[in-house]
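Down below are the structures I want you to see.
After this come two complexes, each holding chain A, first together with chain B and then together with chain C.
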Partner chain A sequence: MKRRWTLYDPRLAWMLVAPVLLLLIFFLVLPIAVMGAYTFFTFVTAGVETSALTTANWHEFLTDSYYHGFLLKTLRVGALTALLCGVLGYFPAYFIWATTFKHKWLLLLLLIVPFWISFTIRTFSWINILGEQGVINVALLKMGIINEPLPMLYNEGAVILGMLHFLLPYMILNVYVSLESIDRTLISAARSMGCTSAQAFREVTLPLSLPGLAAGLLLCFVLAAGSYVTPQLLGSGRDALFGNLIYDTIMGELNWPMGATLSIVLFVVLGFFAAVYTRYMGMSQIVKGLGG
Partner chain B sequence: MRGTRRKQEGRWAWRLTGFVTVCVYIFMFAPIVATVILSFNASMFGGFPMTGFSLQWYGKLMANEAVLAAFRTSLWIALVTAIVTTAIGVTTAFALVRFDFRGKQALSTLVILPALVPETILGVGLLVLIKAVDQPRTMLLLVLGHILLAVPYVVLIAQARMIGIRRVYEEAALSLGASRFSSFREITLPLLIPAVVGGALLAFTISFDNTSASLFWRPAGVETMPTQILSMLKISISPEINALGTVMILVTVGIPLIGGLILQSLTKLRRRGEPKEETQ
Partner chain C sequence: MKLTTTKRLERLHDRYANGDLSRRTFLTLTAAAAASAGLSMPWMGRALAAVQEVRFDGWGGTVQDAIDKFAFQPYTTKTKIKVVQGTFGDEDEIITKIKTAKPGDYQVIHSSGVNYYIKYVNAGLTSEINEANIPNMANVLQPMIEPFRKLTPKLSAIPYDYGTTGIAYNTKVISPEEAKEKGAALLLDKKYAGKVGGYSDMTTRVWYAALATGQDPNNLKDMDAIWAKVRETRDLAKKFWSSGAELMDLLSKGEIVVTDAWSGRVAALQDQGHPIGYLDPAGSYAWMEDMLILKGSPMAECEELINFMLDPATSIAVAEGQSYPPSLDPNKVKLTEKIEKLPAFDKTGTMKSLTFADPTYWATNEDAWTKQWNRISKGA
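Up next, the complex of A and B:
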C-alpha cells in the first residue's frame, strides 16, 4: 500500500537533494574510495598499472625519507602560515568590530574583494613587488642602498608570504564573525565591575572569540598545506610542497598508484587535524566562517 | 595617576591595532595595485621603473588568440557553473532547512566537504576514477567538477537566508490552494533572491578563478583563463600578463559590484512601490 504524501514528506526532500547528492557521491565520495583502492595497485611503467594488489606503494612511502621530509615540510609551512595569519588577522578583525568608523562596511567589503580577484593573479602580482624589477628592489637601487637586487623571490619566505596574502581574508572574516556574536553588554559589565580595557579584553573578548580564531587557524592550515599554485609560482624547486609532489608524481611521472597513495596520505593527515578540531569545537563555526 | 596611565595604555593598544590593520590592508592590496600600474608601462620588461604610459599591452592582448580562446572557455564554464550550481544548491538548501529526514545531518556535513578538502586531492581523485572506468577527460567533467567546488558556498548562503524566511508564508499559500511548485516560485523564491544572486555570483567567480583542480581536469588542449596565465608565466613575466591581470580584475570585481548595486537599487525601488509592512 502506498503511503500518502505529507506536507514535509522525506521522499520529497530526497528528490530535492538528489542532484547535489549524486554529484557528491560521484565526484567526491567515489573518487576518494577509488583512490584508496588505487594505492594497492601495481605500478608497471609510466601511465600503466595493473590491478594486482600490492603494498609496495605504502611500503615505499613509509620507508623512504624523501616523502617524510616533504610531509614534515608541508606541515611546518602550513602551521607557520596559519599562526602568522592568526597573529596578523586578529588585529584587523578586532579593529573592524570595535571601530566607530562610519564606513565600516567599506572595510568589510575590502576584505571580500580579494576573494573575487583571481588567485593566480594575486599570487603572481607578488613578483612585481619582490622580483628583481619589483617595487622594493628598484626603489632600494634608486636610493643607492643596495647595488645588486636582493633575491627575495623563489624561496620559502616568498611562498609563505604568498599564502599569507591569500589566507588572511579567511582568517579575518572568521574572527570577525565570532567577535560579532559576542554580547557587547558583557564587556560593559566587565568594565563597570572595575576591569581595565586590557583586562576586559583578556577575560571576556578574547576567550569568546577563540572559536573563530580556531576555525580560522584550521582553515588556513588545511588550505596552506594543500596548496599547489603558490609554491609553483613563488618558490624554487626546493620549496615544493606535498601538493606539488602529488602533481609531479601523477602528471609528470604518470605513476598513478603512487600519486593516489600520496593523495590519500595528505587527505588522512589533514582529515586528522580537522577531526581533532571538530571533536572539540564542532562544525558550526567553520560553516559560519565560510558562509559569511 | 594609575588610572590615567592605564587609559594611556589602552589608547596605545588601540593605536597599535589600527596600525596593524592599515598595514594588513596595504599588504593585501599593494601587489594588486602594482600590477595594475605596471600594465600601463611602456617598457618592454614586465617590471619597474615606469618608462611611460602606454596601452600597447592591452592591444597585444586583444590580438592574442590563445588568451581570447581561454577567456571565452572560462566565461562559458563559469556561466554554466553559476546557473546549475544555483539551481541545485538552492533546492538542496530548501530541503535541508524545511524538511526533516534521516541522514540530513550527514548530508549537511558532506555538502561542505568540497570546500575543505584540498583541490589537489579532489583533482587527483576524479582523474583516478575516470582512469579506472577508462573514460576521457571532457568539458562536461570539468564543468561538473567546478559545480562540485561551488556547491558548498551556494548551499551555505541559501541556507543562511532560508532560515530567516518563516515557513508560515509558504504554508499560507498552500492552504489557499497554491501548488507546491507555485508556492515555492511565488513566495519562497522572491524572498530568497538576495541569496540566489549572491550565490550565483560567487559560483561564477569560483569557477572563473579555479586553477589547481582545472589543471587536473581540463581536457587535453583546453586552457581556461587561470591555466593560460600559469603557462604564460612559465615563459616570463611580460607586461602583457599585467594587462591580462588587470582585465581579469575588472571582470571579476566589476561583475559582483555591479550585481550588488543592481540588487540594492531593485530593493529600493520595490520598497518605494510598497507601503512599509514588510517587517513581519
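Up next, the complex of A and C:
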C-alpha cells in the first residue's frame, strides 16, 4: 500500500530542498572538486597543462615561504579590516535602531544605495579622493595646510579604506538585525532598576547584539581576505593579497594547476577559520545574527 | 551579412580569371558548390545564414575607439555584419577566457605580436588563414609577416600596427633636455622616487633592466643584475600600471612624472593637450600587433573583415586615430604626413631601426621570468 503524504514527510523535505541541493552540487561542490583535481595536473608552459598527475604544485606551496608570507598577510589585513568594520559599523547600526525618526526605512535604504553602483567604480572613486590631485590633497594644498601632497594612495591604508567602504554596509545590516531582535522592555527594566543609559547599553544592549556583530565580523573577514580587486586598484604591488597571487598565477603566468592549488589553499584556510569561529561562537548565535 | 553562395562563386570566378586557380580546380570547386547547393537541406541554409556578427577583442581605449570608428562601423555599413567588441587590459587575461570558452566564442583578437602568438600556438588556439581571401596582405610589410611565418607557415594572424614602449615624462617636471640626456636611466633616477611608473609586464621590466645594465635584451647574460635593476625601479615606483587607460590616468593626473609608456597612448595624451613628452631611448622596446583569428571562427567573414581593415584607406584612418603606424609598407602605399610623424614610424619599411624581442629566445624564458617578475612586483 502506498504511503500517504504527511505534513512533515521526509520525502517532502527532500523535494523542497532538492533544487537548492542540486544548485549547490553543480555550482559549488563540482567546481571546487574540479579545481581540486587541477591541483594535481602538470604545468607544461604558459597556457598548457597535462593531466599527468603530480604533487609538484602542493610541494611548491608547502615549501615556499613566499606563499606563506602572503597568506599570513592576507589573514592580518582581513582581520584588521573586519575589526575596523566592527568598530565603525556598530554605531551607525545602533543609531538606526535607536532613532525615533519615523522614516527609518530611508536610513536603511541609504545603506544599500552604494550597491546600486558598480563595485569597481566605487573603488576607482577613491583615486579621485586620495590621489595627489584628489579632493583631499587639493583642498589641503589650497588652504596652505600642506606643501606637498600626502601619499594616501597605493598603500595598505588605501586598500583597507577601500575594503571598509565595500564591507561596512554588511556589518551595519548584521548588527542592526541583531539589535532589532532585542526586546526593548529589557532595557526599560534595566533603567527602572537604576542603570544609567551607558550601563544599560553595556549590560543589556551590547551583549544581546553580539551575535550580529560576530556574524558581521566573520562575513567581513572572509570577504576582505578573499578580495583582489581593491588591492589591485588602490594598492601597490607590495599591498597584494593572496587573491592577487591567485589572479597573477592563473591570468598572468597562465599556470592553472598552481593557481588552482592556491585557490584551494585560500578556500580551506578561510573555511577553517569560519568553522572554528562558528564552533567557538556557536552556530546558533551566527544564525541568529544573520536571521534576527 | 553572410558571404552568400553567389558571392563565394563570384570570388572563385575572379580568382580563376586572375589566374590564381587552374581551370580544373575552378571546375571542381564549382561542381562541389553546385552539389552542395543541390543536396542542402532547409536547416543548412539557416545554419549558413547564422553568421551575422564577428566577435573582436582588443585593448580598449583610444586604440579600439579608432578601430571601431574607422574600420568596424564602415565595415558593418558595407556588409551588414556586426562586429561585437570586447576589451582586455592584459592579453594573458583574454587567453584565459578563450581557454575556458568553446571554440568560436572568441574570434578575432588584437594581439601583441609574435611573443603572444607563440602562446596561442602552444595552446592550440590558432586557425589557418586562407591568404588568398586577404588580397590587401600584399601591402603588409614583409619584415612584419616573416616572424609569424617562422612559427607557423600557415598564418593565423596578420600584422596590423606597431609601436614602441619608450619613456614618457611630464614636461612640467622634467625638461626634454634632461630626458634626452638620461634616457632610460630616468626610470632609475632617485630624484623622482615615488613619482616613477612602469608597465606591470615582465617583458617591459626585463627589457628596460637590460638597457640599464648595458645588456642585449635578446641575449641576456647576467640575470642577477637584471633582477637587481628591476627591484631598483620597483622601489622607486609609485605604481606599475596594467592597462593603457590606467597609464593615461596616472600621467594626466600627475600621479607619476616618468614611466615607460606605449607610444600611441602618449600621442593621444599629447593630442589632448597634456604636458607629456616622449622619447625612444637607444634599444627602445619595439613591438607589433596583429589581428589573430582563433580556431572555430567563421573564417570567411573574419578574413573579409581583416582584408577590409587592411585596405589602405581604412588602415591609414585607423593608424591616425590610434596613433600607431600601420603595417602597410611605405614603399608600396603612400602614407600621410601625420603617420610619418608618429613615434616609432619606420620610413624605410625594413624595420631595422627598431629592436623587437626575439620570440624564440623570450618564449624559452617566459615562464620562469614571469614568475620571478610577479614575485618581485609584490616586494620579493
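The criterion applied here is as follows: the second predicted complex is superposed on the first by the 253 of 292 C-alpha atoms of A that agree within 3 Å, B and C clash if a C-alpha of one lies under 4 Å from a C-alpha of the other, contacts with A are read in each partner's own complex, and residues count from 1 in each chain.
Everything that follows uses one rule, which is that a residue touches a chain if its C-beta (ideal position, glycine included) is under 8 Å from a C-beta of that chain, and two chains touch if they have at least 3 such contacts.
Remember, predicted model here, so these are calculated numbers, not experimental data.
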Touched partner set for A:Ile146, first chain B, second chain C, both or neither: neither
Which superposed partner A:Val48 touches (first chain B, second chain C, both, neither): second
A:Gly131 touches, of chain B and chain C: first, second, both or neither? both
Partner chain(s) touched by A:Val20 [first = chain B, second = chain C, both, neither]: first
First, second, both or neither for A:Ile250, with chain B first and chain C second: both
Larger contact residue set on chain A - chain B or chain C: B
Partner chain in contact with A:Val276 - chain B first, chain C second, else both or neither: neither
Touched partner set for A:Phe267, first chain B, second chain C, both or neither: first
First (chain B), second (chain C), both or neither touched by A:Ser236: second
Which of chain B and chain C A:Leu83 touches, first, second, both or neither: neither
Common interface residues of chain A - those touching chain B in one complex and chain C in the other: 127, 131-133, 232, 250-251
Contact footprint of chain A on chain C as seen in their complex: 90, 92-93, 95-96, 99, 119, 122-123, 194, 200, 234, 237-240, 242, 249, 253-255, 366-367, 370-371, 374-375, 377-380
Chain B-facing residues of chain A, complex: 7-10, 12-14, 16-17, 19-21, 23-24, 27-32, 34-35, 38, 88-89, 91-92, 94-96, 98, 107, 110, 113-122, 124-129, 131-135, 138-139, 142, 165, 168-169, 172, 196-198, 219, 222-223, 225-229, 232-233, 243, 246-247, 250-251, 256, 259-260, 263, 266-267, 270, 274, 283, 286-287, 290-292
Residues of chain A defined as touching chain C within the complex: 45-48, 66, 70, 127, 131-133, 151, 153-154, 232, 236-238, 240, 244-245, 248-255
Parts of chain B lying in touch with chain A, wherever the complex brings them together: 6, 9-10, 13, 16-18, 20-21, 24-25, 27-32, 34-35, 38, 45-49, 88-89, 91-92, 94-96, 98-102, 104, 107, 109-122, 124-129, 131-132, 144-145, 147-148, 151-153, 155-157, 159-160, 171, 174, 180, 205, 208-209, 211-212, 215-216, 225-226, 229-230, 233, 237, 241-242, 245, 248-249, 252-253, 256
